[in-house]
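Shared chain: subunit A. Partners: subunit B in the first complex, subunit C in the second.
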Partner chain A sequence: MHRCSYLPLVTESVREVFVKSGVAFTGHDADIWYEYRGVPLKWHYPIGLLHDLLTSQYRGSSPLPWHIIIHFTNFPTDKLIRINAANIIDTPHDSFMSMIKEADYIRNGSIKKLMSLSKQDQTNLWQGLSSHDYDKFWNVNARLVTNDNTIPKYIPLRVYLLDQPVIQEPVAPVDDNLDCEYTLRDILGRMLPEIFPPSLDAPTTEGADNTRKSDASEAVAILHGIVIPIETPILWLSQNCSYPDNFLHIVICR
Partner chain B sequence: MKEEILLLHKPYYPKFHVQVLFKSRLLINCPLTVMTVPTTQSAFDRTCQTFLSHSKKIGDTWRWVTPGAYLAKTVWVVDNSNEETASKDEESALHEPSDPAILSPAKPGITLEFHVIYSTTYACPVLYFCGHTSAGTGLSLEDIRQTVKGHMPDLDEQKRTEYDMPVVSQKDHPILGIPFYFIHPCHTADVTAEMLEACDSDANYFVFWLSLVGQLFSPLRLVEVGYVTSETCCR
Partner chain C sequence: MRGLHSRSILTSKRDTPTRLTTLDRFGCVRSPSASIVFTMSDNPTSPISSPPTPRTANPAAKVVVRFRATGNAPILKQNFYKITASQKFQTVMNFLRKELNYKAQDPLFLYVNSAFAPAPDEIVGNLYKCFGTEGNLIINYSTTAAWG
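Moving on to the complex of A and B:
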């Protein structure tokens, strides 16, 4: 499975494999869902994000391939967003376009830029993603993420921890004077000061602060399965390492 | 004499125009506060607290929820999908408070939960909702619509906004992390600007917004009559 894709897009081929090998399934593809170690997998999260979020705590002890369980019944509507039975691609498509539009709004304060794309270009975004056609996707998406080289108002960013709600708040890429680019450390230090306290170079009192430093050094930020150097400028990360929905989906692992 | 707010609106798609008329021009004795469009979480919090004090005064059942900092209201609705069990009193059947002391086990019904949560992306409030049976089973939008008398015809999963997004769809509740239905906020900023042009500084923006978005749930009512006053409030 591709990191930059969504579970419902593989459901049809996965279902065919199981049915061919003897599973008696007469239901609908919209009823199919996936689970890892008892946790239903949110299909609207990119697959790569799901993997980072649910396996990073097992770093070193959970090698690939990632084993997940497929279910053909009892879709947990209390935990997973319902999928339109008429066409199971519609709901993921709307979810993806909604994220892209939200990213555009976050960057520019409106979605005029995205709405000014031709209908064909908007279609190519989704088709490029769903058929893994890199060029088709990037011919359109490049215009959105580079933003015509204007500095975005805010960065589309979501931060995930296993034990608390997703964090999404306005993240400016540079300071008000436009002369200082914020790094991942600056952003995470503001969002999660107890996990990412001020720079270790800052003068601190001895003793009590030593424990804090060692706790802080264990927390890492994971994006696309790799630990991101904390001093990376957030604007560069956004332009080069965003998921196809134009968001940075960063997992914090303590 | 009771004021009644009539919201006349063209269909939500493609553009939502609002004209507000008042049946009566009497001033109700309710202190007005200057409210502006909440453009930050803290401004939203303050607006909600003022709204809540009005809510309590007129017996509406909105409440403040922490952690998370959002408004919530629970509405119990008689199950009208089977006409034989429908309540004869249509008005009270539409929205009764969820006080267990007055629920009748003989009347099957569902619970609707409405949450108003601030969106930091769009800098506006967003309405989330979900429905459950008395046994706690979650309901689909279609189930909810079939249960409420009148079937809420404007609450249609097929309708799209001007920006080609579903007017109503599901997403993870920002605080609870579980699926809730929500009304897409992509249009709220435009409508807000229109309303502010039409209303003077004494207008209660938040009540107007909630009334607007609440129209989608008609004939169910999210906002009780009695919040808004002043004949000069809206042109």
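Moving on to the complex of A and C:
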């Protein structure tokens, strides 16, 4: 499965495989859901994010392929958003476009940039994503994610921890004087100071730096399945490593 | 530094009635005779429903939501309500649907700042921190897909 895709986009072909091999399923694709180690998988999360979220704690002990379980009955409406059968593709499309709009709003304080794209360009975003047409998608998305080469007001970013609700708050890419680019360390240090203490390079009092070093070395930031160097500028990360929905979905693993 | 501190998510008293109804119980359906409880898991990896682990010092901090009708959508008698920051956006959706007496199949679309529709599991406190204006989180609602 593509990291930068969504579960509803693979359901039809997955269902066909199972039905061909004997599964007696006569329901609708909207009844199908997925689970990993007892956790129902949210269809509106990118597949890559789901993988990072649910397997990062098993790093080293749970190699690929990623084994997930497909269910054809008992959709858990208390844990997953139910898609109306008639809207099995429209709903993921609408959800994806809402994320793109939210990202544009975060960057610019409005969705004017997105809405100024032609209808065809807006359509090409989803079509490019769902058909894995890299050029079709990037011909449009390059403008959004680089913000037409202007510095965005804030960065579309969500931080995920395994034992806390999702964190999203205003993240400026540069300081007020526009002369200091914030790094991932700066951002995470402010969001989660107990997990990412202040820079270890700063002068410290005697004896304090060894303790901080051992506390900080435990946590890593994972994006697209790889550990991101903590000194990476957040603006560069946003322009080059965002998911197709224009967000940085960063999983913290301790 | 600009943008890196959380904004206050305590109830604003400016231009709002002094006593606001809280929407928290619309994590459940309001009617006393109803028994549906919506308790989607807060932690993305939790296999069972569990209480949210609050990040803020005050887990009971409230956000003021301001509803604005769009197009032909009915106007509420009261537009300002408060909700605990850790609640999901689904709670706001449940409340509005009930307040307008809309059934599950009646179309109702909710947007933040006339711009985008949050996913039902987005956290109200996060939405307020990122998109709140003048102490409120503005929720536009319509019976057709206005900005979809």
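Annotations
One rule holds in what follows: the second predicted complex is superposed on the first by the 244 of 254 C-alpha atoms of A that agree within 3 Å, B and C clash if a C-alpha of one lies under 4 Å from a C-alpha of the other, contacts with A are read in each partner's own complex, and residues count from 1 in each chain.
The rule is simple: a contact is a pair of C-beta atoms (placed from the backbone, for glycine too) under 8 Å apart; a residue touches a chain by one contact, two chains touch by 3 or more.
Remember, it's a predicted structure, so these values are computed and weren't measured experimentally.
Clashing of subunit B with subunit C is the outcome of superposition onto subunit A. Shared-chain residue A:Asp94: touches subunit B and subunit C both.
In the superposition on chain A, A:Cys241 makes contact with neither subunit B nor subunit C.
Contacts of A:Leu53 after superposition: subunit C is touched, whereas subunit B is not reached. In the overlay built on the shared chain, the residue A:Lys79 is in contact with subunit B and with subunit C. Counting the residues of subunit A touched by each of subunit B and subunit C gives the higher count for C.
In the superposed pair of complexes, A:Gly38 makes contact with subunit C only, with no contact to subunit B.
When the two structures are aligned on the shared chain, A:Ala172 is found in touch with subunit C, with no touch to subunit B. Shared-chain residue A:Leu162: touches subunit C; no touch with subunit B. By the document's definition of touching, neither partner reaches A:Ile68: not subunit B, not subunit C. The contact surfaces that subunit B and subunit C form on subunit A in the two complexes overlap at residues 42, 44, 78-81, 94-95, 97-98, 101-102, 105-106, 111, 165-166, 168-170. Across the complex, subunit A is touched by residues 68, 120-122, 138, 140, 163-166, 169-172, 174-179, 184, 186 of subunit B. Residue ranges of subunit A in contact with subunit C, taken from their complex: 37-40, 42, 44-45, 53-54, 78-81, 94-95, 97-99, 101-102, 105-106, 110-111, 153-154, 160, 162-172, 175-176, 182, 186-187, 190.
Residues 1-7, 37-47, 49, 52-53, 55, 86, 112-113, 115-123, 126, 129-131, 145, 147-148 of subunit C are the ones that touch subunit A when the two sit in their complex.
On the side of subunit A, the complex with subunit B involves touching residues 42, 44, 77-82, 94-95, 97-98, 101-102, 105-106, 111, 115, 165-166, 168-170.
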